[in-house]
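The following pair of complexes shares a single chain, subunit A, combined with subunit B in the former and subunit C in the latter.
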Partner chain A sequence: MKKNIFALVLTFLLAGLWAGSALAQGKTPTDDDVNAVASQLFCPVCENTPLDVCPTAACKQWRELIRLKLSEGWSETQIKEYFVAQYGARVLAEPPRQGFSWLVYIVPPILLAIGAYLVFTTLRSMRKPTPDVAQVSVGLETTVDDDDLRRVEEELKRLQ
Partner chain B sequence: MTETSQPVRKGVPIWIQVIVWAALAVLMVIVALGLKRSQQGTVAPGDKIPDFTLTFFDGYTYQNQPQVNLSDLRGKVVILNFWASWCKPCEEEAALLEAAWKSYEADGKVIFIGADYVDTEPEARGYLAKFGITYPNGPDLGTKISQFFRIKGVPETYFIDANGVLQYVQIGPFSSEAQIRQIIDTILAQ
Partner chain C sequence: MFATFGYGVLLLTFLMALYSIGASLFGYFRKDQKWVESARLSMLLTFPMLSLVSASLIYLLVTGNFNVKFVYEVTNRAMPLYLKITSWWGGQAGSLLFWSWLMSAFATAVTFRKWARDREFLPWVVIVCSVTMVFFMGLSIFFENPFETFWQTMDGQIVPALFRPTNAIPFTAPDGQGLNPLLRHPGMIIHPPMLYLGFVSFVIPFAFAIAALATGRTDDRWIRITRRWALWAWLFLSLGLVLGGRWAYDVLGWGGYWGWDPVEIAAFMPWLSGTAFLHSVMIQEKRGLLKHWSMILIILTYCLVIFGTFLTRSGVLSSVHAFAQSAIGPSFFTFIFVTFVISVALLLWRWADLKSENQMTSMLSREALFLLNNLLFISILVICFWGVIFPLISELATGQKVTVGPPFYERATGPLFATLVLLMGIAPLSAWGHSTIKTLGKAVWKPLVAATLAMAGVVTYFLLNRSIINDYFPYALIGFFVVIFSAFVTLYEFWRAANARAHAQNENIFLALWRLAGRNRRRYGGYTIHLGVVLMAIGIIGIEMFQTSTQRTMKIGESMEIAGYTIRYDSLAQFEHTDGRWVTRAEVSVFRDGKFLGTLAPRYDLYPDGQPMTIPGVRSTVVDDLYVLLVNWEGVNAQVAPFKVYHNPLVNWLWFGAIIFIFGTLVAAWPDKDPESVAVSARKPRETVPAGITD
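The block that comes next holds the complex of A and B.
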């Protein structure tokens, strides 16, 4: 009896697994599924046009290709890799993090950091005089001795 | 008696200035190279064409091989045609190219090669079947070949002589088979 129950459970489990895989393979990708992948790719022919909004016949073909690959069970990554192999890395909306493309990720933050530093130092120097300037002005005051002061006072009296 | 001490300028450290200027210089060089490349146009007649490999679609071969290197074709005039199934002007010349290929095929001095530019394979195969194209054809994988030739669109056809030197560039479709034959015959006569 126990053996029969075990066989029955096993049969149900296997049937469930089979049905699941059949459903996954047979599932027709929706336009949203296709566009989710297409939005990460650019039209290889048109200039700067994302594949999901590109109106040309060629782009329609590529979207159908994405639909086909999705229905075959391909993952998003696999489809993107396929597009790169077929049409080059320029089809990727986000440049790959390798080789020369690293510059796209490295240069802007560096320039931003340098810019922020420059703004900070400029603002700081505008807010208060540097100690060196103060020192120079102090130095000028100490050079006026008593004789000079007396002479200036005499000159002022004469003018009055 | 006045004190003449030089005011010490406190600004951006010199090493940061050097980095900023160097980064700007590099950026400008990259932009300049990009602009130069975008304005360059296709490769010009007289240019030596470096080697490239084209892997054919299933069912197409050259000397029973599924791919061809340009260097294997030294001694022959090579007609390299860039096309795509989504390209309407390509359809205008497809039959003309096939007819021209048929007239030179037996002689063995001329080889036609089709490079399918950013296309989808089922549609490309449909196009080849529709126009009965028999000369070797394959996808330009990764657009490597078209990038070297700096093509601006399709169709474009490049005539390479027996020494691997580009002799003629046809931008846009051919108007007649006679036009294709005239260009080839001129190169063969050289």
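The block that comes next holds the complex of A and C.
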């Protein structure tokens, strides 16, 4: 009798443990759950093809692997880390923010800032007349005599 | 025989183009017009001769001569005639010849008539066009020969070679491999020629730019001659990009139109620099400013055209090893490097001659805003270029392969595109020369108020439909505001000018608009393009920020739901098509609120070579697309089939906007009766006009 009670308790305990574990793992992953992770990964074989739409047999297996990992309670980050460990950083949709790969993120803003600075200084410098231009205009003013002025005015009248 | 004939004529044309370069250089430096004329005539002959070469290849393709390697690779007996002809550009070897042929046609068009008018530019235009042709013909002759034939050697091996290997006998395959099924779509048949037309036509403004630098005629004459060439180039490139997008949407089966793939970006980059160039030359024409910059942009565009041609066909930039093993990769890069260095050297030589004739006097003037527009276009270009080459740099530096995918580009370019659209709204309201906050504010306030009122409507719509609000909502609101504001500015500009004319001339407003646009096609063509961009932007915001998708495996009679639609799986049919492909076609019924809307038939085709193609069933309305895919990669049978459904809000605005965009470009690029009279009138003193009325 004691033995039976012990077995019953053990069964309940195991059932409880299984239920708890199942609860922690959540429901069976749907296709949408799998695609949500797969769309963030790129096929290691085909060029530039996200895993969720890749038709190859290898990618089908990888999607099943994602489903399995999700059903085991793995998080999205853990699954991505697993794929990176297995197939390298190229499976990620963008380079990891570490080491040399930082360059991909840093270079464009730096160049953009340089470009903006160049445009700004170009605009500023263009707004101020340079001394050369000022001198030339002064020089021109001094060389125009009254005869020239009269002639220009006559020309203008004729045009009108 | 036709293969030998085609190759022989190709070789002869190559030599003639080489002669053109030599004769033109000799004539220029000896100041002997006879040599230049001889060079021109020699270059003119390249077109009929390359037409002969192309005709030979087309004959081989149409007659199914599977002794020729290229014919074997891109055709088979089952293919219809039109596909056999269009497979000319379906493979690398053929498309390189196609490039040369198009280049010869454009070189002929630019130097056949009225060349005497541009006599001083002629030697250098001939040189640039001929050098480009020599390069592409050289690739065809030495690396990617479309006339290579199969030979069977003594030990039974089949080898492709131009000339008979020792003791080998000709070998003819019983049938060809056939064109890649993905390339059989109408969009993909027209897409490459459009792209190539765009690429090739940009060579003409570049040739004139180099001629201007070499001859020292650095005023805006070269721009006036080539303005329409540049516009046509831009039109073709835009058409190529749009058709490519539509093809991806219809055939690739991932619910989108643009995947930021290196091949797509390769075609997009010359478009970006070309767009910046089209705006920059306007500043040069109107104000005599930014001459250096216009030169830099056209040099950049030419180099990107060559780079784009290389990438769209080879795709070897994905890996260092693929690049090193590619026969044409090093040649392309050497050519790009050499032309870039020579062009920049010429530019530096003439740097002092290209000084601005005027000064920018206001940070808010039209030219200052155009300069900002150029900065944005070039920033997007830098991001694209960096994203495309970074995987190669990473692999070279660290040995680590990385992917630079859509999230990178979308995050980096999104704000820049939004700013561009905003600028597109403000710039037409500012005046050339001088604008202040006060004058600009006076012009802006009406469209701004209208846009704010319209935004109240947009926000109300979202509040009434809270279920569609997602994480992108704040960005979408900014996007919609920018887009609506720009749309109102453009429409306001049309209305203001048409209304003024209608009153002045006592005309009907539509007639006034028609005549106004006819009198200044460039300005109103430009505004129409802006309107097209605005509509396209609405579509892009819709699909990029509010696209939803769901996937489910269904039994017959089961349903799935997305965005208020119910999709019921009705039946499945599997059959063999007459062209040999195995078709699996499902039928689904679409309902909304219990009301039957129609039947869709997503399918996937499996070609004899194992290549699958997923064709969606699409229900399109002005509001959204319901895009249903039969997910062939998950296993389908008569009872159970997996479906993936995308809901793409507003996506058709993208295609409709593209049509308006192309129409606007056509209006702007349409030739005038006499281009010279335009040049003369443009030199006349301009009357004072209020802000926003100038182009």
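Rule of thumb we're sticking to: the second predicted complex is superposed on the first by the 104 of 160 C-alpha atoms of A that agree within 3 Å, B and C clash if a C-alpha of one lies under 4 Å from a C-alpha of the other, contacts with A are read in each partner's own complex, and residues count from 1 in each chain.
Throughout what follows, a contact is a pair of C-beta atoms (placed from the backbone, for glycine too) under 8 Å apart; a residue touches a chain by one contact, two chains touch by 3 or more.
What you see is a predicted model; the values in this text were computed from it and never measured.
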item: Partner chain in contact with A:G99 - subunit B first, subunit C second, else both or neither; value: second
item: First (subunit B), second (subunit C), both or neither touched by A:Q86; value: first
item: Partner chain in contact with A:V53 - subunit B first, subunit C second, else both or neither; value: second
item: Contacts of A:T121 with subunit B and subunit C, given as first, second, both or neither; value: first
item: Which superposed partner A:L65 touches (first subunit B, second subunit C, both, neither); value: first
item: Which superposed partner A:D32 touches (first subunit B, second subunit C, both, neither); value: second
item: First, second, both or neither for A:I110, with subunit B first and subunit C second; value: first
item: First, second, both or neither for A:V45, with subunit B first and subunit C second; value: first
item: Residues of subunit A that lie at the interface with subunit B and also at the interface with subunit C; value: 56, 88, 90, 103, 107, 111
item: In the complex, subunit B residues that touch subunit A; value: 1-3, 5, 7-8, 10-12, 16, 19-20, 23, 27, 30, 84-86, 118-120, 123, 139, 141-144, 147
item: Residues on subunit A engaged by subunit C in the complex (per definition of touch); value: 30-32, 35, 42, 47-48, 50, 53-56, 59-60, 88-96, 99-101, 103-104, 107-108, 111-112, 115-116, 119, 122-123, 126-127, 129
item: Subunit A residues touching subunit B - in the complex, by the definition given at the top; value: 44-45, 56-58, 61-62, 64-65, 84-88, 90, 103, 107, 110-111, 114, 117-118, 121, 125, 130, 132-133, 135-136, 139-140, 142-143
item: Touching residues on subunit C, where the partner in the complex is subunit A; value: 253-254, 259, 261-262, 289, 315, 318, 356, 359-363, 368, 371-372, 375, 378-379, 382-383, 386-387, 390-391, 393-394, 397-398, 400-408, 412, 549-553, 612, 614, 632-634, 642, 644
